[in-house]
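Common to both upcoming complexes is subunit A, partnered first by subunit B, then by subunit C.
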Partner chain A sequence: MAASGVAAPTRAEVLQLYRSLLRVARQFCDYNVREYTKRRTIDAFRDKKNLTDPSQLFAAFSDGKAQLEVAKRQAIVYSLYAPKVKSIMDIKPS
Partner chain B sequence: MASKLLRQTLTKTKPTNVIRRFSTAAAIASPSEYEDPTGITMKGVKIAGRPLYLDMQATSPVDPRVLDSMLPYYLSRYGNPHSRTHLYGWESETAVETARAQVATLIGASPKEIIFTSGATESNNISIKGVMHFYKDKKRHVITTQTEHKCVLDSCRHLQQEGFEVTYLPVGSDGLIDLDRLRKEIRPDTGLVSVMTVNNEIGVVQPIEEIGKICKEFNVPFHTDAAQALAKIKIDVDKWNVSLMSLSGHKIYGPKGVGALYMRRRPRIRVEPQMNGGGQERGIRSGTVPTPLVVGMGAACELALKEMEYDEKRIKRLQERLLNGIREKIDGVVVNGSMDRRYVGNLNLSFAYVEGESLLMGLKEVAVSSGSACTSASLEPSYVLRALGVDEDMAHTSIRFGIGRFTTEEEIDRAVELTVKQVEKLREMSPLYEMVKEGIDIKQIHWAQH
Partner chain C sequence: MALRSAVLRYIRVPVQTLTATESKPQPQWSLRASLRLFSSHDVHLTKEEVIDRVLDVVKSFPKVDPSQVTPNVHFQKDLGLDSLDNVEIVMALEEEFKLEIPDKEADKIDACNLAIEYIYNHPMAG
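== the complex of A and B ==
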């Protein structure tokens, strides 16, 4: 369950963090930020796939959780000020 | 309560009081004179959506993580960092000092050597005019290059009017200065050498380390404008032997209106302040330090430290994709500036037999620039390209593509497609191109008058 001290996160927790980050990425109304969040999450998790040291794992996991909080807040802020017209990349060619 | 707000704003089910209150605020915030559901009409041009942004050298979007760090200082922690008597001032000051340390770490300096200013232009002004005015009795000569930013050239011109002498070093066709020429131009009364690290128009990286060695040899202060270089290439002020460095916030995914000046303490460089007042920022730059902006710049620098490697690899791939994509479909594409000593996110291309203004007018769905943002108002071709020795007609057709952290592969592909389409369309209409295809050498034509 919740890590106390320097205990490494479980596989389930890591997967849940990954899915939450991707879910929050989809909620951004800005094309560039959305794509960046998605891409950066995938690349960051792939990069750290082979970490074994528990303290490193814990640091990476907490960092990921902090980034998730930032992303959740910013998804709301961006949606409050969303421009009426979307980016041209989001508009399907008719 | 907070989670209910979150759920409502994110899912937008039925308009409740909460949503209506937020949406009214949003309507006041965004102008709608030119936006309507079918697209945007501005300056007589109609496009279906917001253009894709490929102008990172002009400015960059604020990273959401940077915005997140700035907002508390606009909402509840709004104190003046120079107020010594209450919590608001203390927390604001702590934030400013943290940001100062973040900026210093990125360039390998100590926090005591960082002064916050309103931008790289102000930092350049302080460096050039401030240094020369301070040492005006002994030093009367400044060396700079022909491809510097307008603020540096204008400050030098101002010094010339005051009676100083300025040498403008020429650049080769690859955009780099000649180090032997620099060595020859240094005189006993040279007070400053100013060379920008990464050029904003063509993206070439000058040999700063070598220039630093030469300046150390002759004991001349060395100033570099690193506004385009910060967070893009590795900066080490000790290795480069730089005495002054100008930094900008809005080129590194931070807010506009903030910058910094690095001033070496060992050996100490002195400047005459350009902004007089209450002695803030070590007396160099008086005025209230804008806490939210400074916090944003600090956060952007810290992010850059983590993301620089990842960003650079990605942007290099995107640059190759862009260049190869365009070169595959059309010929007569020239890259302005050296290809090896270049920052990967800046690609300045000239298209032969195409007129620049019409090319830009056809590329309304891509936000690019020709020349730099400062000079695009005038009709003459960019002075940087002229200094490179580029022909007038090629200089007029130059486009600068700026790739950044948020650029996607699809945007690059779309930009390639739109550019190629527009260039082919213009070349089809061009009689000059027809003649070239038939094998006639344009430069040999003798244009007879009627």
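== the complex of A and C ==
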């Protein structure tokens, strides 16, 4: 199957997407969701680190961009209904 | 504001122009971060503190061997990390020092000494 004219993302774009996803993870007020977002980003990018096929790279990259949009929206929604009691993991030992 | 600029104009830094022929040893006097008039942000980190905290962050990264970490170590060449790990380390440094490092600057931070320099020169490092 010949690769169609989709442009595979450049290395810089991939790293920028990685950084954006990690930054949006920090915006979550819920500890669990924040840690999940970080873990999931790191795992997904490591899994797909060695892809070479341009169409696969493009598919993974657009998937990542879609997830970034979802995460940005969800960070806002979560902050609207933030619980008053912080998770125990967020409380620094004094 | 006017007073500040008036005082700054009064204190002139002697410009050092040493040509090949003359080599007068001039007294070193520079308006460094030690003289910051009307600055509300006077608590600036010492270089020692910056180095210690940066090394701590790098050592606590799970893929790093702590015994290899020195202030000059290069993340990818000496510690065997890849570019994704590089991004993670820069994010961890951002969290430690409560900074927001723009992407273009963050891409350049490849080694411990670059990180230390950047953070030490950042006015908002905390």
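Basically, the second predicted complex is superposed on the first by the 89 of 94 C-alpha atoms of A that agree within 3 Å, B and C clash if a C-alpha of one lies under 4 Å from a C-alpha of the other, contacts with A are read in each partner's own complex, and residues count from 1 in each chain.
One rule holds in what follows: a contact is a pair of C-beta atoms (placed from the backbone, for glycine too) under 8 Å apart; a residue touches a chain by one contact, two chains touch by 3 or more.
Fair warning: this is a prediction, and the values are worked out from it, not measured in the lab.
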{"item": "Clash or fit, subunit B versus subunit C on superposed subunit A", "value": "fit"}
{"item": "First (subunit B), second (subunit C), both or neither touched by A:Leu21", "value": "neither"}
{"item": "Touched partner set for A:Lys84, first subunit B, second subunit C, both or neither", "value": "first"}
{"item": "Partner chain in contact with A:Ala8 - subunit B first, subunit C second, else both or neither", "value": "neither"}
{"item": "Residues of subunit A touched, compared between subunit B and subunit C (which is higher)", "value": "B"}
{"item": "Which superposed partner A:Ala60 touches (first subunit B, second subunit C, both, neither)", "value": "neither"}
{"item": "Touching partner for A:Phe45 - first (subunit B), second (subunit C), both, neither", "value": "second"}
{"item": "Lowest C-alpha to C-alpha distance for subunit C against subunit B (Å)", "value": "12"}
{"item": "Intersection of the subunit A residues that touch subunit B with those that touch subunit C", "value": "none"}
{"item": "Subunit A to subunit C touching residues, read off their complex", "value": "11-12, 15-16, 18-19, 22-23, 26, 42, 45-46, 49"}
{"item": "Parts of subunit B lying in touch with subunit A, wherever the complex brings them together", "value": "6, 9-10, 22, 25-26, 29-30, 32, 35-37, 39-40, 47-53, 61, 64-65, 67-68, 71, 310, 365, 405-408, 410-411, 414"}
{"item": "Complex contact set, residues of subunit A against subunit B", "value": "27, 32-33, 35-36, 39-40, 43, 67, 70-91"}
{"item": "Complex contact set, residues of subunit C against subunit A", "value": "82-84, 87-88, 91, 95, 103, 106-107"}
